[in-house]
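Note that chain A is present in both complexes that follow, paired respectively with chain B and with chain C.
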Partner chain A sequence: MPAQSSLSEECGGENAALLLLKFLKIRQEHKMCNCYIASVEIKMRPEVQAVVLAAGPGMRMTALTATSPKCLLPLATLPMLAFPLHLLQQAGLEEATVVVAAGEEVRVSKVVEQCGLTINVDSAPVNTSTDPGTADSLRHILHKIKRNVDDVVIVSSDLVTDVKLQDVLDFHRAHGSTLTALTAPLTPPQHQPAPGPKTKPFTSSDVMVTESESGRLVLVVAGGDYDHTLTLPSVRSSKAPLLVSTSLLDAHLYIVKRSILEQCLAKESACQDMGSFKAEILPYIVSRQFQPQNKEAGPDEDFESLVSQYNTSVVMSRHHTSASFSSITCYAYKHQGLCVRVNTIPTYWDINRRMYSLIDKVLPGLSEPRRHPSAQIHEKAQVSEDSVVGAGTLVSEKTNITSCVLASHCRVDPMARLSNSVLAHHTAITSGCVVENSLVRASLNHKCVLKNCIVTDSSRIQEGKTYMNEILEATPEFV
Partner chain B sequence: MERKARKQAKKAKKKGGDGNEESKQQQTGKGKTEDKEGQEESSKPKKTVKVDKTEKDVKKETNKSNKTVKVDKVKPAPTPSTSVPNKKEENKKKTPKEPVQEKQQQTQGSEVGGDEADGATGGKSKAELKRERREKQEAQRLAKMAAKTKAVEEKQPKKKVESQADKKSSTVDKKKKGSGDAGKSGKEKSGDKKSTKRRIPLLGHLTPPALQAPHAPVNSEIIHPAVRTLGIKMKDRVIDGSTARVISTLVALKKLINDYQTPESCDLSRDLAEKLAPNVEYLNACRPQAVAMDNAIRFLKHKVNSIAPNMPEGQAKDELRTAIEDYIKENITLASSAIASHAAYLMQPNDVILTFGYSGLVCEMVEAACKNGNIVNVVVADSPQPPSGLAMVQRLASLQVPTYYRLITDITNVMDKVTKVVVEAEAVMMNGAIQGLCGTTSLALAAATYHKPFIVLCHTYKFCNNDLTDSIVVNELGDADKVVWGPKGSNAGLLAGWQETRNLNVVSLVYDVTPASLVTVLVTEQSVLPTSAVPVIIRRNYADVLGQD
Partner chain C sequence: MAPKVEVHEESSILQAVILTECDIDYGAAITHYNPKVLVPLANTPLLDYTLAWLERCGVDEVIVYCRTNTHTDKIKQHCKRFTSRREDCGIKVMVVVSEDCLNLGDAMRDLYSKSLLKDDFILLQGDLVATLDLQDIVAKHKENRLSDKSMIMTCVYVNKPTETTTTAAMEGEEERGKEVTATLVTAADTGKLLLHRRTRSKSSKISIPTELFQASSDLLTYPAAYDPSLAICSEVVPSLFSDNFDYGSRDSLLRGVIEQEELLGYSIRCQVVQDGYACRASTLQQYQRVSGEVMRREAYPMVCESSLTSHRIRYTYDPFTTTYWEPSAKFTKGNGGTSEVVVGAGTEVDAGVLLTASVVGDHCTLSDGVRANAAFIMNNVHIKSGCQLDHCYIGDDVVLEEGVVVSSGCVVGPGVRLGPHVTIPPGTQLVSRPPSSTHTPDHHHDFDETTRVKEADPSICGVKGKAFILLPEETNQDDDDDDDESSDDDGRSSGPDDGDSEDALMMMSDDEHSENEFRREVQESLMNGMSKKSAAENMVLEINASRHAYNVSMEDVLTTVTQGILRAGQKQDGGTEPTWPGINTALKCFVDVLRNYVRKGRDQLLVLNAIEKLMVDSPEFLPATQKILFNLNQTFEILEGEVILHWYKKGGAGTTAFTTIKTSIAQFIEWLEKDSEDEEDSEDEEDSDEESS
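== the complex of A and B ==
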């Protein structure tokens, strides 16, 4: 090493220690460099790839999604997409493939920097004119799934949860699962009624049959795919007690083995015509667990049979002596905390209203302040503690705001009164407006009173009028 | 080196600075640390009588030491941080960590030694080295003094300060090397968890079972996916029993080697050994390694180290893969059938065999005995938690062997019918002692009482050159909650809150140690041996692997 020889020449009595120190420093730096290079050059094989499905048109909340794609609808001040991305980032994932509707790529990729996320987003546009299902979206990006990963995490863009992805992954690994679905008990919305005309709640829920102790999935039928009666196919041989549930929410977070996903999405597979992952491919994979498998007679590379021969474990698994596990096993991870899919107006409304208390739970580490420092709130304005105020929002004097969500760059003029309402980005409320329990996505330029309303088109508002339980949206052109 | 010394001094100073705050809390009288003190015993009574004076003294002394330290270019007056109050927890944490720390220091020491050797070739005289060492010692002494003066007040053992400083500086140094960060953070995390759990008297040195796998980000650059999956499976006891664990560990490491690519300008053997270490550490953090696993990993490391530096990567990897496969084949597959046939030879028609829990080897032996035409009856004694014997009964039933299932509490009732007791060992120690799953010793005692032969089956790769005389020094703690919740009944969970109950300790040990005197005969793949032959086997077969330490 050149540094060493030059140093040794200089070495003389007094300075020796200092020089040695210098020398050690150089050596250490050298070593660090080596390590750094090594870690850049060679990484351990990645285990998991994440796919976020964000191309959904939001069919169950058309009043809101007419103007902006569903995945960019704001929840409090953040776009919906930030929540699943944050979930992935928390688990340590460094990149995610996001399937978006064509034309929205730029806006979607801006979400990341806008929300202070560090995850790399690779957005893959799909043409939404043909109304692709989730399975079609997956087929579209199949080539983007790396050949060497073990598992693919599929998340829907409308998932808001406080689950730790690591826990679900650990569960998946420990069970040697082929497919793990995140489920949680269905909870009715806390904030009711949602604005807009009164509608019947969406009733037909999914049916999930699991083994009550292990959580193994036995049967999945999506809501709407069955009539009044449902016949359980007699596919089971094990005697474990079953749990039939219609009160479980399928959170649309799946961890699937890459091999089986590729099998199902391949052109010549049995599910080539299936459009929805949840309603069609998931039940298909689950049902395949109990179909007789022709065991591959090749050499036992992993010594699996040898392991099971000596395994003293009492946990039933494919490594257990007496267990007859097929090569496909599906499990449901039952999460007991918060887990909501924001795909209807009531859930959207509910999550927005609860976001004040939830934000620490669902976005740990991403400190989005409830009162953004750049918001200007007049000292004479009354803004209740449980309101969320976004960046650049201007609240004038003599206003009264209770339990509201004001997204960024809103303007509230003097003398306006807002309660229990949600304002989208860039909404202006003119003076004298009274807004109660409403969802406002367009500026109110005239003085009016709104109760339980959804406003997406300001031109429908007339001066001095009172609106109750209405959706004020742009009328379709042909009318 | 001087840098290190400085760092130590700083750390020690910082500890000292913290001490002031802490002492206020501790002055209420904490008995626990007192007995550890030893040296400062004499200063204590003074302290309690004239607090004022000692405080003054301390101030003076700290000032003085500050000055002297300044001369030594240590940054003065560190601001006292507020993160101290859980000193007690740190105390606890330290005990199990010490071996690790020692290891770190050792490795570091060897490194420094290497550096010095390099330096010496560059013209460093002995006197210079000596001088440096003295300087370092001086700095340490000063740091110690500074810490001690405060420690007098806060009743903190001097030793601890020093070792903490050492530990910190060594971890910092290690981090600087840039490797194994995730593994380490995982370790620290498990350490945090330890402190929250209550320690059981006499068994405080054992690591409590990991509640969660050590934290490492998804797609970690250090931990291989196969290793991580295996770690979680071992932690959840999906894979249990030393033989199964050894096989799956080797398979996981084989996958790692498969995916491994040597970076440029690096030796395969050196770099791979470095890459293996954090993975092994991860497995260890998930569940403490079994003796057999330790042997198998040593074997693999030995193989990796002995790869010639100029060997092409593909060839080296092939060699390692075949080495692993051969190891499994020779030491497990073939050895098992040899053991089974040796042991079956000891069986006689209409023997009644008592065995314990699930054992693949015993099953194979019974199978071999049946093939020989000796119909044997098997009594499976099982521990209530975990009831692994159920799988044993199932497997024996499929062989159409007359089988009886009893709990271990009830073996005295069947002992006069039993003609032989056959168990499988988890490990065999140098002194002939048998490490088996907890409960094995009860069978050995019962066999000795009823004068029945106690036959132990064991692969020779599970032989270990340690001596064990009891099951306390080396053991593993199981999940005590499982014992409490074990049987499903109306009173399950009666002790659910045992951790809050004072003076109640629930212990679940994984292994026990049967002394050599209770073992009639040891059946290995090499031959049927008395326990006194264990050292011979270890010397003969494992000198190359076990010898390097």
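== the complex of A and C ==
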């Protein structure tokens, strides 16, 4: 078990003893008492590098992403990207590489200071005109991955979870895992229906096959990639039952050994044509676990075998031993708490509505008040307790606001009535508007009634009209 | 909740049904003299293990189900002896005898008609040695029954996380493993069985139909769960068996219930148990394995030193060498590496004897220099010096003279004398009387077909010897539970009892048996249909009924029907020579029947192959081939010209008859080729696609 012979730096010296205890506990839990920690060396060297994939166009929520990149869509008052960044920061990471669509670098790097995060963000723009997949994005920033890190944390920008990344990292190291994927039970949205026209989105769910006790990943098939039958890899000596699950959410948070990632993303690799990390490279790595030793040994490995053969004085470091594909083991970390991917309008809507109660869980330590002190709420305005009011928002008198999210710098004029709705930044609601169960991303300059609507273009609103179950967006044809 | 369940249990008695005619037996050399369930394992009859376990688990009433044969009285007496030791409060054992019970299904139907089963009952085989917590399993079953009325049965499987049990490796262990394990797919939340498949080989890949995800989003898959043939059944199960006469084994019930879930509205659950011991001594290999495990005390509290009938301590136990011996035995323990040995009463074992992993019965003598490894020696056996025994079974009253070597896998039947100085080749079964004379009318083992040996052959059994080789044959075909398992279960045909000796023997597997039966039935239906001029739908119905009864695949049905029609034509003429007019009338008569089965291009190929195979068996059809094909192609439009051409170019089914067929249909092919020159290429590709898919 060479992978655990030293403790990670990112936890700092003062935490080392604590971490050691944690380690011992994990080992006990996983009955790995036969190995011991030879030495505790504290090196000022990052063991983990984080990559946030934030260049996604948000294809499943085009009504919202037409005007703003997906990773900057606000969840309550904070941009979506702040959540994964905060997750990484909580685990002690000091730096994160964020892959963003070209042209959004500046806005993205501002997120950190806006939200009071301390993590350093290194944004890496990719050209989104060719519609790059996640694997393409990773290839693009491959040179940014430092040679001396062990593991790479790949996280999608749309992840909202209350998992402790440190726990996942501990799990990853304790199991000597090559690839650890964060999974959680798939939960339907609590707040339904989402605004907009009624749609029944059909997405066939992913299939994840794990060993029921250890959580070892046996097979991963992305949704829709299977036919009438699913073939499990041949049974190994272990008789542990296999859990074939379609109700697990792949949270798109992976901890991958750098060496494997580099091998998979290298030009001559078998994965060179793969576009998606989740749907293609992940199944590939998982399936490699059960294949016989690879024949396509690269020149490096030949060299290594020569070294080990003729130079017995060389003791392989863990970086060497982990470089070969031979000992791939993939695990799924099963998180039982909150874990949501905000990649569709229903999930976006649901998370926004739940943010009032979730904010302490998903952003511990980042005290974003539910009612920002700079917000001006008129004393004659009725704002229900479970509403979130952002900075600089002005709520006038004789307004009624129940269970709403008002982002920063909104303006609600007198006599407006809002319920169960979400307002984006800088949204003004003119007096007399009635907004129910709607997502408003543009100012309502005319008196109107909105029910179950998504508004992204105010020019579509006409005075005194009632809109129901509609998406009021700027249609490209008219522009 | 808890008191309520108790009241429920008090009011009803817990029943168990033990089937003594197990699906596999030990071979005639043993079972002719002693029923399988009374064969002693570590000097205790197998049935006692089952009875003792059921008694400990609080079962009130046991029905020992057996067939009328020479052993019935033995079983009855044994059960009486077992219960007579106990007071009234003990377990009740009832022996139920049936005249014609061939498999588990028959037994269930019989018990249903006798209405002996009142409530939930435990169904098991008589060769099971187990220590599972039945009370817990039954309680869970009842709980599930309360919450889910459609659940009719709980199958119990054992999943051992580590493969410790196979350390006692022996020949044929791999093949054995196949039969007793099953691949299970269950719903993770309820434990409902969604897929049940016999495991073929250890390394095989498991394919799961994705439609199962509709039933449950999370599936728990057990790649190879050990199947102790144990089930908790509700009273619905016997009625289901009696409603469906084609259900022969438990496997067929499982298949039927799972496949027709919407129709029947029943479901089956699984309990995969991690703790406890359960293993069936189903074959001699398993017998050896279970014996070793019992000696190693894995089946605690059922250990060798305490008698299961009387619970008294009968043997002295030495934990250091794992040896057990009756105090009256003259047994020098520690005489050079003795380990895992059971020695019965009054037995004399000389100091120079090397015994390992063996069981010696009562009143035996083992002289100096005997070496025995994994030998199972029954009572009153005399083994003289210099004998070597390896992985074998020695029946009662056997005498082995000096220097006899019994190789692995041998069964020496009761009363056999061997030696001096003979070597018995591996896997031999020896009996004391010539096999033909052992035939008894009411016995299910049919010795008539066996090669008869009238006189004992000294080259086999030695000059002082008296033994006859019993050639294993398909003796247990009838009492085989999985009779209708057929089409996909070819693993089991390779050795019903003794494993390693069958190489030279032609054996008819279950598959072939049921296939032959099916062929016969179809032929009969066709003949009848032709004389009565039955409608095509009725014929199809009749054939499909036979198909379900024998569980024949669609492909075999098509082959059989094609050949049957042609043969019907032959017979209709009365003569032995098939003539074209006869065949033509048969074809005309059954064209709709055939059409019903021919749906895809692939089916057409099957028809062609069937015709070709018919020529192999009966070349007299050859002259008519061209006309048959022409009519099927042109008149009846069942076979497409492209398909015939494709088939022809690929070399048919590759049988020997193809060359002759080739010449006889050359004319027709030529004509066809001319007819479809332009389309040929594209069609060809399509066909091959279809064939491969």
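In this section, the second predicted complex is superposed on the first by the 389 of 479 C-alpha atoms of A that agree within 3 Å, B and C clash if a C-alpha of one lies under 4 Å from a C-alpha of the other, contacts with A are read in each partner's own complex, and residues count from 1 in each chain.
Keep this in mind: a contact is a pair of C-beta atoms (placed from the backbone, for glycine too) under 8 Å apart; a residue touches a chain by one contact, two chains touch by 3 or more.
All values reported here derive from a predicted model rather than from experimental measurement.
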Contacts of A:S212 with chain B and chain C, given as first, second, both or neither: second
Touching partner for A:L230 - first (chain B), second (chain C), both, neither: second
Touched partner set for A:A240, first chain B, second chain C, both or neither: second
Winner by number of chain A residues touched, once chain B and chain C are compared: B
Partner chain(s) touched by A:P46 [first = chain B, second = chain C, both, neither]: first
Contact residues common to both interfaces of chain A (with chain B and with chain C): none
Parts of chain C lying in touch with chain A, wherever the complex brings them together: 159-163, 185, 188, 202-211, 213, 217-225, 272
Of all residues in chain B, those that touch chain A in their complex: 1-3, 115, 118-119, 122-124, 128, 131-132, 135, 176-179, 212-213, 215-225, 228-229, 232-233, 235-241, 243-244, 247-248, 251, 259-266, 271, 328, 332-333, 357-361, 386-388, 390-391, 394-395, 437
Chain A residues touching chain B - in the complex, by the definition given at the top: 1, 4-5, 7-9, 11, 13, 16-18, 20-21, 23-25, 27-28, 31-32, 34-39, 41-48, 91-94, 148, 150, 165-166, 169-170, 173-176, 302-303, 306-315, 317, 319-322
Residues of chain A defined as touching chain C within the complex: 205, 207, 209, 212, 226-235, 237-247
